[in-house]
Each structure stands twice: as C-alpha cells, then as structure tokens.
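In what comes next, chain A is part of two complexes: it sits with chain B in the first one and with chain C in the second one.
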Partner chain A sequence: MSDTTSSLTLPDPAPKRERIGGTLYRGNEGMWSWVLHRITGVAIYFFLLVHVLDTSLIRVSPEAYNTVIAAYKNPIMGLGEVGLVAAVVLHALNGLRIILVDTWSWATKHQRLLFWIVVGVAVVLMAYFTPTHLINVFSPIEEGH
Partner chain B sequence: MTATIENPNYRYPARSKGRRGPNLEKAGWIFMRASGVVLIVLIFGHLAYNLLWTPGGIHAIDFGFVGGKLAQPFWQWWDVLMLWLAILHGSNGMRTIVNDYVHQPRLRTIALGAIAAAAAILIILGTLITFTFDPCPAGADAALLPEFCASR
Partner chain C sequence: MSDDEKKNEDSKGFEGAAETGDPTAQADAAAEATTADAQSAMSSSGTSAEPAGSAAEAADRDVEPAPAAAAEPVEAPQSFPVTVIVRRYDPEVDDEPRWVDYDVQMYPTERILDALHRIKWEQDPSLAFRRSCAHGVCGSDAMRINGKNRLACKALVKDFDTSKPIYVEAIKGLPLEKDLIVNMEPFFDSFREIQPFLQATGKPEKERHQTIAQRERFDDTTKCILCAACTTSCPVFWTDGQYFGPAAIVNAHRFIFDSRDEASQVRLDILNDQEGVWRCRTTFNCTDACPRGIQVTKAIAEVKQAMMTGVKL
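After this line comes the complex of A and B, so read on.
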C-alpha cells in the first residue's frame, strides 16, 4: 500500500478571514458601486419603457399627450424625477469609472477613490439640478403653455 | 518528451473552443462602453434642455413644446439616436442581469425573448413616430399646437 496522501483528503485550511473583503471587488466600494450600477440601470430601463410609450402619444392627439404628460407634473412625480435623475447621474458617472478601471492601470489601483469621486461629482450635479427642478415642480401651473 | 497542455488551468476561456464567427460578447462589451459615453451627452443634453434651460421646466412640457422640438431635424435625430442607443444599452444590460440570475433554461428564454420583443417594438414605434409625426394636425385645437402652426 502506498504512503502517498492525496491533497484531496486533507481538511480544508481554515479561512484566513471570516469577513468578505480584501479582494478587488468584494465587500468594499468596488462591490457596492457594482450593486448601485445594477439597481440604477434596472430602474432607468423600466422608466425608459414607459417614457417611450408616453411620448408616442404625440402621434395620437395633442389632448392625449397633454393628459398623460400632466401625470409627470404633480409634486410626488416631481420628487420621483429627482430620484430618477440621480439614478441617471450615478449610472453615467460610474459607467465612466468602469471604462477607466478597464483601460487605465492607475484607475484599476485607485477604483475605490474613483467611486468617491463619482459620488462627489454626482452630489455637485444634483445640487445644480434639484433646486431648479423643484422650484418648477412646486410653482403654480400657468394656463396654456 | 514534450507535452502540450491546452489552456492550462483555465476553465473559462474567452471563447469556446471551435466557435466560429464574430465574437458577439466582445462586440457587446465594446458597445456598452461606446454607447454609454454617447448616451451621457444625449441624455444630459435632453435633461438640461427640457428640465433646466426651458423656462418652466417640467411644467412647460406639453404637445406644443415637444411638437416644436420634433419639427426640427436636429431634435428628430437627437431623439432617435437617443432612443436606439438607450433601448439597446438598457436591453443588453437587462440581458446580462437575466443571464446572471435566471438559471432555469425555459424561464431564461422567456425573459430574454420579452426583453428582445420590448426592444424591437419600442425602437420601431419610436422611430416611425419621430419621422411621421405632424406637429400641426388638422382640426386640432390651435391653443395646444406649436406657435408656428398659426402661420401655416
């Protein structure tokens, strides 16, 4: 009988760490930016389906289009639009981050820093968009256009 | 004696062995990045023009506003390019998510079919409407139409 011991029979080595982390993508900014990219992407996709259909009503009649687009003008939808634009901004900026991480070794090493730059630029862009949009949303609607 | 080992210790080659034809997954990977960059320009422009730079923003959007925009070839092409790229980019992203999470072959086929059908319908619908649309339809209430319709 051989004395050779297969490595397959050895017990599994103890995991070095219990917590998920320390790899390029798991458990830190790399993973959470990926989760955020998926969630914002799916949300934008479903809005896009509805938005193409509501815009299609311009081919039906002016009244039909105006009736449906009025739904976008109530304050609850107005707040939802801030969320939608925030999703678009985060998805757009994180998409640029992904391109950099894929193509530029400096960005691959500093992908965590780049995520916080994405968040910072998104905050600045939303600070520009949100006041203007909410003033429009909460202003009284004028007659006609 | 020498032995040749093919793809040593590499279970997931970039391409399946013996596959022919164009590498569609690579094309899709490039498309997501290229379309993404173009979509940033198109969608940020769309949002800035419609919601920020037009006085009244969301309240100013009605048939007169959209009709006035889509009467111009510039905005027709802007919107059609945005439609095609956004639907294809979004549908390919949804395909990736379905491939990641839907393991049942039948359900996966149904989900991918629904995504493809929705994409085809919306691209055809949106393109036809953009180029066949009449900003001054006969018999419509003149108050709802773009201002230039009065002089026609």
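After this line comes the complex of A and C, so read on.
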C-alpha cells in the first residue's frame, strides 16, 4: 500500500487548510448545548449593549430616557422580551450546568441528564412567565412597570 | 462466497455451543472434585474447545459472536448493495474536495474499512486512506463517517442505515492532504509539547512501586491510541488550531496523575495556557468520538480541577 505518508517526509511548510463543503458534525446534547449557549450569549450581549446605552440616557435627561423607553412599549418588543428572557434563562441554567460539569465528577458523568433538566426547568419557567408577560404586553391599559 | 459464509455461520453455531457447554463442564468438575469426574470434564471441555478454535477463524470476519445462533436455524448472511459517498480530494487535480459515489456489495458484519478496501481494490485504486492494523489498535483510520468521527475498522455496516448512502470524509480541523488523509503533524506537535513520558529522579533498586489504586487513578487515559478522533471532533479545535486539543490533554492527564511522575506541575503549567485546558467548552464531542471509550471530557475536567486545587492522586 502506498497510501500512507512516510514519517520521514518533512511536514508541508505551508499546510493547506481544510476546505469548505463537509457534512455537519453530528454531536450530541453536549455540542448542541454549547451551540445554544453561544447563540444566547451573543444575543444577550447585544441586548446588554443597547440596555447600557438606553439606561445611561437617564444621565442625559429624564425626558430623553422616557422617550426611548416609551418607544419599546409595542407588541414586537414585547415578543422580543419573551425571547430575551428565554435566552437569559437558558444561558443562566446551562451556565450552572457547565460549572457543575467542570467541578463535580457526578455531573461530568451525567451531563446529558443535566442538559435535559436544564431544558425542563427552562420550559417550566417560560410556561410561567410567557402568559403573564404577554397579557401585560397586549392589555389595553398602558402602565409603566 | 456464500459457501464460505455458510461455513462461518456453522462454526459460529459451534462457538455458541462451546460457550454454553464449557462453563457447565467446569462447574461440574468443581462441584464433584473426584479425579474421574474432573477427567471427564476435562475431556468434554477438550472436545468443545475444538470448534471454538475454528470459530476463532470466523471471528476474523464476524466481529460479534452470536451465541443465539446455536438455537436458531443457521442462515447464510446475504450481502446487499451499499452506497458509499467519499469526499475525494487530489491536490494536484482538484481545487475543491468533491463527493464521489461508489456502490459496493457488503455483508452486515463487515466494516466501513472493508467498503473502502473494496472501492480501492476493485473500483478506484487512486482512493487514498490510512490504515495499518485494521483492528482498532493502531489508530490510523480515524475518519468522519456519517458526520461522526470513528475508526473505519470499528464501524460495522450493520450499525448504519444502509437504505441511505454512507458518507465518509477526512477528519476535520487538520490540513487535508489527499482524500481521507490529513496532515497529523499539528496534532502530534501538541502531543509532544505536553511531555508524554515519565519523568522521575532517583534510581530505584528494582522498579518504581505503585499500588493498584495509584495505577487505577490514570488507567482510563492510558488507553489512548492517538487516532485524533477526539481532537478533530472538538468545535474549539476546528476554529482554533492552536488549542492543545483533547488528545494532548488526555496524555498529559496520564502522567499528571501518575504517582511515579515528578513533572506534574510542569505539565499543568503548560496546559494552564490561553490555548490550554481552559479552552475546553465541555461539548463532550471528544468523549462520544473516542473509539477506546476514554472519558475524555472527564479527564480534561480533572486536569482543570488539578490546576485549581492541586493534584489529588
């Protein structure tokens, strides 16, 4: 067989990078929890960026702050807030899971179970939050909270 | 071919009989410790050992013995067509890798490596892939099969849904050289960097003693065959080739937790680097990919803990 590279040959001085077009790697719960963690993390980062800016408007003038916050009070932002809370809940719970996985050997062994517990707790929390929040968003009385 | 297969099946049947017959004979011998009984037991186990020997030949082909075959009527296994789609790349011809279809006749008990052999030997001799022992020990033939890293020599056809094509491509994250061959040098560089050898001062009179418990502490990580299935399944390694990768950390773990070794702290310092263990995001792809069943992520977690609280042997 001549299909092996001899260990005597010198390594390629300019190695070619792997090219595009392969299959998607089929990871399990661990990989997808990491993907979810990344996406929610980046989403929360962009929220925080905006949040720091709008909150700092209070230093400019209370009127400017009120104007901006009033602009948020529409159904689209209300639905966005559901997404935001879901992202925070998932990121927070999975963060706790990662801490456990890194520090406790039982959790390392049962990380798959822990992932589904995270998903389960997130679903329960969102089942509690979403109706309450949406009633608030779509109720005709506009009140500040 | 079908005769040959039938013979295999026959001997498999005998093997099943030998498996059920042997322990009983030995148990009899133990229960009634008379010489005559022991002798008859010996002879009976002797006769049943014979077909077991011929079954060993069959074991070459059939990786999994089927004791149930003893009871059921023996049936010759049927070969069936399997489509294997290989991601080919010839640096002298192709600008980009391309997927090429091959149809091969396979038996359920054969491996993906056999399919690659059949392609190379019967259809397209230009197909390039690495393999040496072909029995899951040398670690040459790690590749991505249906989107997961495995050893081609340990992936059985029967474990795949053969109504769909089987996709075979090179492992990800290392420079592609040709077809299924990647440049393993960056992988071995990381391995060398963590000093994968025993470092101990002083000359013992005979040998360096170690208790069973001390040996057990790092037993799991001694199993590594450096196939790179774990490192090239790691999303962090794909995007950051500087990351040491699971395999290097596994081999560091093997010496960090060895009671005889004195350079644990050196290795911990090497891995307490920006590109060291803290890059691990616990995706567990490495643990799932390891063909030796090493709990890779657990080993990495133990190295992380050793950095924070010291090495607990």
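FYI, the second predicted complex is superposed on the first by the 114 of 145 C-alpha atoms of A that agree within 3 Å, B and C clash if a C-alpha of one lies under 4 Å from a C-alpha of the other, contacts with A are read in each partner's own complex, and residues count from 1 in each chain.
Rule of thumb we're sticking to: a contact is a pair of C-beta atoms (placed from the backbone, for glycine too) under 8 Å apart; a residue touches a chain by one contact, two chains touch by 3 or more.
Treat the numbers as computed from the prediction; the structure is a model and nothing was measured.
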item: Touched partner set for A:V119, first chain B, second chain C, both or neither; value: neither
item: Which of chain B and chain C A:K109 touches, first, second, both or neither; value: second
item: Which superposed partner A:L79 touches (first chain B, second chain C, both, neither); value: neither
item: Touching partner for A:L100 - first (chain B), second (chain C), both, neither; value: neither
item: Partner chain in contact with A:W34 - chain B first, chain C second, else both or neither; value: second
item: Chain B versus chain C as contact partner of A:V68, first or second or both or neither; value: neither
item: Touching partner for A:A43 - first (chain B), second (chain C), both, neither; value: neither
item: Where chain A meets both chain C and chain B, residue numbers; value: 98, 102
item: Interface residues, chain A side, partner chain B - complex; value: 38, 41-42, 44-45, 48-49, 52-53, 55-56, 58-59, 61-63, 65-66, 69, 72-73, 78, 81, 85, 88, 92, 95-96, 98-99, 102, 128-129, 132-133, 136-137, 139, 141-142, 144-145
item: Touch list for chain C against partner chain A, complex; value: 87, 89, 91, 96-97, 120, 127-130, 132, 140, 144, 146-148, 167, 169-170, 172-177, 181-183, 185-186, 233, 235, 281-285, 287-288, 295, 297-298, 301-302, 304-305
item: Chain A residues touching chain C - in the complex, by the definition given at the top; value: 3-5, 11-12, 15-31, 33-34, 37, 98, 101-103, 105, 108-109, 111-112
item: Of chain B, residues touching chain A in the complex; value: 33, 36-37, 39-40, 43-44, 47, 51-52, 56-67, 70, 83, 86-87, 90-91, 93-94, 97, 118, 122, 125-126, 129, 132-133, 137, 140-141, 143-145
